[in-house]
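Note that subunit A is present in both complexes that follow, paired respectively with subunit B and with subunit C.
Take a look at the complex of A and B:
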């Protein structure tokens, strides 16, 4: 006899076999569905802000894509914005692999910029030809960033202080130090704001098409290098163990405090490099608004990219498109610049939600 | 420069006032962390509370409406975070960072979209100091402690209320149990998830209220970045206060004092760059943090509660 219960049971069975199996293809498609839903939700929420600012939603998105990817100049700008995001993202991601949270990487970006500017200004009287001494400037920025993140590293290794807070406190302090140098000893006399004099041209980075500077190449090289370091080397294996299973790492004899310090210093060095590239490649002067919270965005970028270099590259590029696109909307429909943070956070949170739901 | 310069009544009065937003937000975060959750988006919640509170106060002229609006928006963000942390068992630090950027961006975005582009920043009338009738007349302490805006008195009242609720009521016991051992609480039939969600809402409201203090009492306008790291400071305050309301009170007084002091120091020592003194609170926070690592923290902090898991 066919009863209602039997019908219900057979329908349930059908749904189970078709959609809820642990079949990779099916669960992959399910996953795709959730991520698609997340992206759609993000688009809807972001569009509502565009609409609030008084813009036409469709044409605004068109403008965003057009400006960021449609022209050589636009693509150059996108790549330029992608560079610090990518480097800072790698810095945060490499820390995350070792369970070390470098949230205040902005501070290291600024300190790297300070060291780079200092070196660059020192080189001015030498009058060397253009681009020749830029490796020196970048090296200075690496040292600066490593130093600034080395302090939390020492505090963590010696006292166990949480680097989450110390890097943030150092971030605020770096802001003030930047302000001091840019408005004090290194101040450009012709400008009323806290902007420094330009560094020597021999410290500049060359540009190629569309105004993009070679920083993006450096960033990608660093990303690849970190990939090989983390995934393919013994040191990387130790770092990953420290991150995945600290107890096992300790039992295996890894000197955890030393490695944590080293990892933080490495993370800071990469972030410092981002700051140096901003100075050498883009602004050529130290100023207080150098980093529009690249460091905080980098935390999102790293997390979105699952702390793997390839994911970080993709996320950084995506966020850079959002940044350049929002800039253009600021010009066309007066969308405030803070919208970019909202857009990024909405995209990030919706994808994070999708991931969290999938793991349920 | 003498010891008098460090103990001036107006300086200490400013200290008490500056400490009130820290205290309010710290009480909110204390409640949350005692319940087992940690919200790194404090800075963003304070910014959003400041922005929304300022806007509502500016457009309605009613202080209470502004404060209520900021508390409501804080509670909403708190509920959203709480839902993800409690029911979806998401990673609280990562989710918190997302909410941090979202709230910070929203605070600025909503302000700009509402106010538009103006030459002069909109201002509100800040809350006046209320001199308490009898206590305000005491020579030195009267000015320092008892001539403060109403919101500061509220912040200080929160401390005994929090102590009472946390330690003398069954609800407080449940909240603390959620932070120590939610499984034990669950076996008693108490709904751990609901408690955590409610605490998330209330704490969000308090944190946003702390943020609203800044434009409404201290600066009369809203600016991007006006929170200036206070949210992070509050996070450290709760740890450094060993999760005890009284100690957190003393801690916020200390940092309020530092904030009040730095302006005087800039004027008193013009030879040194002002940025050095502006860095002072952050430097002190770091130093204090170094010495407060081996403190107690709730057992189940950051651990989502899984009813199904056996552990």
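Take a look at the complex of A and C:
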């Protein structure tokens, strides 16, 4: 965290000396204007990628919007992408508010998916109705995620081990455990890859709109609940206190190790739910590569949303549009997938830069 | 009359002292919104001790940081021996013989004194002949009336001796203009006296010494001339022989000061009908295994309505005792009881529930929530009782309390929702005092532990804090005061425990307070030394 702040500070200073003192134009822009400028800058830079790939710039952007928002199916796809980004983003944000950094939330997504799949497979013979099994599947994923992030929680509370290391290490472990189950005991015999058998159909999440499953609704409810928890509740006050000044929190009688553990477990539970929703709503099978680094994106989503639940909802949706839209460029103008990543990074960096300038 | 003349001199912006060694003229320096120095002018003579007196934030240290090259002035001129000089970095200042000893020493604790002294001057060389440096310093030190053990590790030296190492470090670099920033803050009265005698020997050698301080008594004792600074301006320069405490306070505070002087007219009375023991500590021992104990077999007692001071040189155990009482530190042995409720080894929350409350030592780092509203900072601690049985916060109530605190304690803030980090140091301390009163209004305040409650405050704010502490004392709670400022402890306390090496070496009632007796005890000497 410190090094990130340092980098931010040096960027600030650099901007300050290079632009703000000399160029009144930039410092004159405020609020919405600066973000608009950032988006324009990002579009111009990204246009060069499109041109380089041989595409038509205007029609490429049109395609992006069309694919991600222009149809019910497109919007459904965007909402489905938004769900794990939003939940993982909330997971990271809630931790950040209390000064714990769950940067390995992908690990909990996988662990949530493993628990969800396990439950969905195990309970096939019971023939449970959908309104019993699908909540059970999601509950299992919450437990899985809380368990997986509870381990860093215990280590931090008991020994002061940095959760930056432990959550990442457990992410690698979760990847291998996923691989074991998907290619071992749960493997589907009919497919060559390491993909598990599908869970019971009554564990599936119902769809409600253009292919979108109800996961997005669950995610938004979670985000709103977290908003009330953090901003309005007594518990949230203690978490914010701990995040703002742990030394002062300690002297006010707040049991810091206990709260750190609890907060990491909560963060893990939310990320685990993201994994469970991926299984119950979308993939129905456990597989490696289930999460295209949602957990890492979540760090960006949370920071762009300023660690505030409402902000995270907006930034997760924008990220989902960007992901779905730029993925479509792979198909329409054969933009290489690595260039798509750069494409997304440019947008993120320009918005972050705009915010840094604005906060001068 | 002579004072009026010197005022006229400054208002013209021209200094006419004969042969000024250093002349700083119309120095301006701005930090963001704050005009730290506003046309400040200062003239220093050869061989004088010149005191820079002023409240915290008056610009004393900033002015000297400009002279020593740490800051660059926005405008203004510096001349040395009548020749204009450009000082852009500390090295430029050092080349002109200017050196500064900062309030917080810049020594490497596991180097010897000798290594520290020669580091700055010789640090760039590959090979250093330590023996000849040793000899050189042994010759240099007596010339200035100084003596330190050059082979001792700095961490084993007392604060007073460490300061001398800093001074020798400057002298060794050939400093002829020596700036001392608040040099007596951490010293016992004896150590301060010894420092003053060293300073007077410097002037005989032709050195110019600048003493930055806010302690008027010291200034009158040691300086030749005094420049008073206020709001970034050098308001007036007077000869010490023509100055008095009253005059200096008047200049410091401005004409319309409501300052009542340093004495408190009415001592708090312990006229409660029933005498209760608010705090009882028996045989307290604190320490890590296989290391000398930080606190050994300490017993003390605070009655209701009593202000009790724990004094000692920093690091002699008084702080650890207070931390153990508040539940931050676990004792190895002994017993702690607040209001006859035993809380030995309990956590902070247990101490809070027993009615103990803390004014932390480091306000910024331990006291406030910089990015939360000042109202939310206000309820930190009291929140345990304010929202004992509720799940959600009541923001209406919180902001109401914040508004009331702003009003009652005259906290300068835009409104009760403003971020706490927008407040100045003095206002932050007011907020923390307000918090203690909020605590006492919603639950029983039995023991207030106050760490350096006026550190860094100006005279008016300090007086405000003193009045409030006395108020808390007279309301029936006990107050435990741990202050680095011995004068403050003597002013406020009914009783004082003196600490040395983790033990209580003396208990004095108010009638027996004597700075020299206490100073001797604090350094392990006999009281009648």
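Going forward, the second predicted complex is superposed on the first by the 319 of 360 C-alpha atoms of A that agree within 3 Å, B and C clash if a C-alpha of one lies under 4 Å from a C-alpha of the other, contacts with A are read in each partner's own complex, and residues count from 1 in each chain.
The definition used in the following text is that a contact is a pair of C-beta atoms (placed from the backbone, for glycine too) under 8 Å apart; a residue touches a chain by one contact, two chains touch by 3 or more.
In this text the structure is predicted, and so the values were computed from the model without any measurement.
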item: Superposition on subunit A - do subunit B and subunit C clash or fit; value: fit
item: Contacts of A:172 with subunit B and subunit C, given as first, second, both or neither; value: first
item: Subunit A: partner with more touched residues, subunit B or subunit C; value: B
item: Contacts of A:339 with subunit B and subunit C, given as first, second, both or neither; value: first
item: Which of subunit B and subunit C A:241 touches, first, second, both or neither; value: second
item: Subunit B versus subunit C as contact partner of A:61, first or second or both or neither; value: neither
item: First, second, both or neither for A:348, with subunit B first and subunit C second; value: first
item: Partner chain(s) touched by A:252 [first = subunit B, second = subunit C, both, neither]; value: second
item: After superposition on chain A, the shortest CA separation from subunit B to subunit C (Å); value: 5
item: Overlapping contact positions on subunit A, where the subunit C interface meets the subunit B interface; value: none
item: Subunit B - residues contacting subunit A, complex; value: 40, 84, 88-91, 93-95, 97-102, 104-109, 112-113, 117, 224, 228-229, 232, 235-236, 273, 275-276, 278-279, 282-283, 285-286, 289-291, 293-294
item: Of all residues in subunit A, those that touch subunit C in their complex; value: 228, 232-238, 240-241, 244-245, 247-253, 255
item: Of all residues in subunit C, those that touch subunit A in their complex; value: 326, 328, 347-349, 351-352, 358, 360, 365-372, 376, 380-381, 383-384, 387, 390-393, 395
item: Residue ranges of subunit A in contact with subunit B within the complex; value: 49, 52-53, 101, 103, 155, 159-162, 164-166, 168-170, 172-173, 176-177, 179-180, 184, 293, 296-297, 299-300, 303, 334, 336, 338-342, 344-346, 348-349, 352-353, 356-357, 360
